[in-house]
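Shared between the two complexes below is chain A, which pairs with chain B and chain C, respectively.
Right after this comes the complex of A and B.
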């Protein structure tokens, strides 16, 4: 085993280098910058914890956090939920599995920005697809991106975009369940919904846990949909867009970095909490 | 195990060598290809007999990156490309990378600043003057052009002196060679006004009357987004505070005249002036509403004209934004001037190989002839004493407005910190909805501005 050491090291090195260059270094640099007051790109001054004081009194950040949590709720209920339902259904059919797998997975290969632009044209008040349809029916136009409805409207493409990813994860997990479980269940007369609830779901619980953590941390990265559809207006500002605005639009890298650090801490805390909540003996087969 | 890993190692080493060998080969090939292509080019250059800056017979290949906003949907995109082609035809040893990005987006500023800060400066940069450029100007990333201008009388005399004065940085030096200027104003669709029997909005009473009548008929009176509300804010503040007042900035407290200006936006909103989805649309969509004839007015800049549908463009006239009630503006104050120009990066200036060609290119792109061509394309005010031809009526109306203006002002956002300005932008929706007073919104922005000092 001793001789393996250098090979282990050698094979880990490329990944470690890439991670350091693109994850750890930027993170540490953000941490460093969060202690500075920056003015554009060329001027910075050490200010200690001033940015952090601002962080805790920033009402916009509080709102952005709540909006992120709201999207997270939609993602957990609908994205993961729909993916699970679809996976159960596709798992139960004997023909055309491959077809549905491809169809449901497809939205993921489209970039979020392209989908967002599509939805700009769907939701547009003046000549959007939905309002055009309503006008044909003689119903009054609806302001889809309203002050109360914008976040929900944006949640639709956000959820739709990634359903396929979790669907495939669930489907793969289900295909790993040995068929003797189902055969035994069949002999006992357990079929349909009962089978799903008592056999399939408990057996893929560890995968559901992984998917939930992926979904929760993924929500922290939501940016393109919000930015393109509403620019963070009408109560749609999330952590990603707020950080971008502060750092890139306002060129306040100090405070932007502070928000970035906050997002990382927030994400870690959330995944720890999720892990704790879902802590249960894993079932192995 | 150990044997196996050794073999793996050997295989990976071998493949690595193979790869690097391939890489080397490629480099060699491309190098050859380039010099091959340039050989006849050099000959052509040698045959070329030009008066100015004659390229040396054995001119070395030079590659220059020009970063500008003349791309995408910009009206002057083709004219600009033609100017560059002219230059490369004259100097075949020069390869120009015409790198562009839309200025409509905040990310243009970000890209420029990132490039400037990370040693990736373009050789020539077309960018804003004033506060926007302060960072890289003060950091010495670009060279002052004063000496170059003094040294070349033809170049300098090609310019209108006022245009050169307009691009002077606060330190008294000129860093940017201007091309065309701009004006902003209230673009009005005359046809919509005539069809509805309305008078053009030359004063506030006519403006509010028009807004009322149009909004009752389901026509968007004034197309404009709340988030990218740069032009709305600039004009509201200019009209409220007047030419002098808008220069006061925010560092030393809130000027109450600024509040007057922003309060007028609320009055317009209450009359139904803005699109229903003003909160979430961007500038592009707002311009689209006007361009499609769905909106009767929009506050835009001279550069936007070329992008409008021809039928709407032909019906467009340009007016100054009327003075708001209680405002100090004359009603003929406009936002405009020479807000952009070509910068020459210090890195290129110090690079003996690139320096001469970069300067020659800059002079070529800012010659009176070039200025004429670009202003004919984008309807901007020329920085040289030339008469652009073939301009539409709307552009001429715009020039007339600029000629009759009592003052031509730099936009207010060029005088305050970007974060301060976004804070005002973020305050527009709450202000017009009555959730925040203009005073509260400006005080919030003032705090940000003060923290930057």
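Right after this comes the complex of A and C.
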């Protein structure tokens, strides 16, 4: 249409300007900074790949990577797993669908910071919810936030927080499966568990893939829970908190940026691998 | 469950019905258990917020039959949670508004116009989803210092708006792409230009996706601890998440106060969610969420 170019330009410009200033320029600048040794904002010296070689010898970063991968494993198995099981269950019931949908979504509405405080109270050794419960049963109290147990303890709220989100995505995908499929299956005598395995799951495979990629890249952003519950101590340091400490606490912007670049590359590689592993034709009805 | 009605032989019926009902009891049991994990902690925290700290410690399960409001008055007087509330609302609502306006306009172009380089723009947008805040925070901080925006409302609004635009554009554009072309032609014949087409046709039809996008952007902005800690962590502008972080390090032993702070942060959002939740589902069911 005539005059379209004017509109295209006018409508895209504000978003483009803002994103360039606060996403694209900063991202490129981070890449640039990762080649410098810095001391505050004003003192920087080009050091080539020195920061990157440091990455590979930094044992704290190695530990943070392993901790992130451990949480990722729990997220894939439990968060996505529970979400899928709950979605299959809710998809199969006739009464109360709306109720469960609403209630399962509750945790997402709550901030990670608030959930963390909640779990501070739940895990507290002397009078937390869990130990209070154990005391009632006459079992000895457990130190939940211990050297060895902290990461697992923090993984629990992390997983619990977003189950509802993926649950809704799965349920939505399932509700789009045309009923003909199920009717045909019923004629063949395929019901219940078999139906889930042979019909529902294959038909929503592309959604499972999307959810897995969201969950995996989401794990790389984990910060709130670790920061408030343990400040990254007791073997709970993850990539996000380590980057924050290096860049914003030690004010080592150069190396902090290098870690950030590492996180981005890690995320891209993991998404590509997931995409590759689950490669299958998309199904359209 | 219907196969019992659909011509199964008489004698098989009882067994079939029994397995079905066992299955559904099991299903409801599991679902009820999970809902307990999402409801009970909320109840527990609200309940404890009405007790003095000593009672929280001694018996956190007892129901607060004689509720005390000490924790709430403390929250407002000692840590000025009211101020943080106002800060949070100002910044998050501004972020949502900006994201919807700028994102809506851009999404309209991405959904309905053809121009050179559109596929490139689209790919860049999708790739942007892979850039976490960690990878932009240092230069953004530098920019904000240069523009004297650190510890001002704009210091959080601008980066958060930019950070959420990608999601909003992709989701809204995906929704708008499903609006039939005929509608557009009819409006055009009625004398709509491109802009009035946007305001009179596209905006009203896309209301569900705007609603669900606004909910998510609001939640992500309101709950974003990382940016808040860096860009707006001074008392006069501090949003509520940053205050919660402060509470956990400064008042970590005042359990009543912590419980009331968590309740105050969570309950209003939860109530708003209950009122507008149907929009979330509608926006998500239209197939929009898939980036």
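Please note the rule applied: the second predicted complex is superposed on the first by the 262 of 285 C-alpha atoms of A that agree within 3 Å, B and C clash if a C-alpha of one lies under 4 Å from a C-alpha of the other, contacts with A are read in each partner's own complex, and residues count from 1 in each chain.
Operating definition for what follows: a residue touches a chain if its C-beta (ideal position, glycine included) is under 8 Å from a C-beta of that chain, and two chains touch if they have at least 3 such contacts.
Treat the numbers as computed from the prediction; the structure is a model and nothing was measured.
Colleague: Going by the touch definition up top, name the partner, chain B or chain C, that contacts more of chain A.
Modeller: C
Colleague: Name the contact category of A:126: first (chain B only), second (chain C only), both, or neither.
Modeller: A:126 sits against chain B and chain C alike.
Colleague: State whether A:248 touches chain B only (first), chain C only (second), both chains, or neither.
Modeller: So A:248 meets both chain B and chain C here.
Colleague: Is A:145 touching anything from chain B or chain C once the two structures are fitted on A? First, second, both or neither.
Modeller: A:145: touches chain B, not chain C.
Colleague: Tell me the contact category for A:232 with respect to chain B and chain C: first, second, both or neither.
Modeller: first
Colleague: Could you look at A:41 and tell me whether it touches chain B, chain C, both or neither (first, second, both, neither)?
Modeller: Both chain B and chain C are touched by A:41.
Colleague: For A:4 in the superposed arrangement: first (chain B), second (chain C), both or neither?
Modeller: After superposing on A, A:4 lies in contact with both chain B and chain C.
Colleague: Quick check on the superposed pair: does A:221 touch chain B, chain C, both, or neither? Answer first, second, both or neither.
Modeller: The answer is second: A:221 touches chain C but not chain B.
Colleague: Shared contact residues on chain A, chain B side and chain C side combined as an intersection?
Modeller: 3-4, 7, 41, 120, 124, 126-127, 248
Colleague: List the residues on chain C that touch chain A in their complex, please.
Modeller: Where chain C meets chain A, its residues are 1-3, 6, 23-24, 27-28, 30-31, 34-35, 37-39, 41-42, 44-45, 48, 56-61, 102-103, 105-106, 108-109, 113, 115, 121, 128-143, 145, 158-159, 161-163, 165-166, 169, 194-195, 219, 222-223, 225-226, 229-230, 240-241, 244-245, 247-248, 252, 255, 258-259, 261-262, 265-266, 269-270, 273-274, 277, 280-281, 284-285, 287, 289-291.
Colleague: Under the touch definition given earlier, write down the residues of chain A that touch chain B in their complex.
Modeller: Chain A residues touching chain B: 3-4, 7, 10, 37, 39-43, 60, 120, 124-127, 143, 145, 147, 150, 229-234, 236, 245-246, 248-252.
Colleague: Give every residue of chain A touching chain C within the complex, in rising order.
Modeller: 1, 3-5, 7-8, 11-12, 14-16, 18-19, 21-27, 29-30, 33, 41, 82, 85-86, 89-90, 92-94, 96, 99-114, 116-118, 120-122, 124, 126-129, 132-133, 136, 160, 163-164, 168-169, 172, 175-176, 186, 191-192, 207, 210, 217, 220-221, 223-224, 227-228, 239-240, 243-244, 247-248, 253, 256-257, 259-261, 263-264, 267-268, 271
Colleague: Hey, which residues of chain B end up touching chain A in the complex?
Modeller: 1-2, 5, 8-9, 106-107, 109-110, 113-114, 116-117, 134-136, 138-139, 220, 226-228, 275-277, 279-280, 282, 285, 289, 292, 294, 417-419, 422, 426, 429, 451-452
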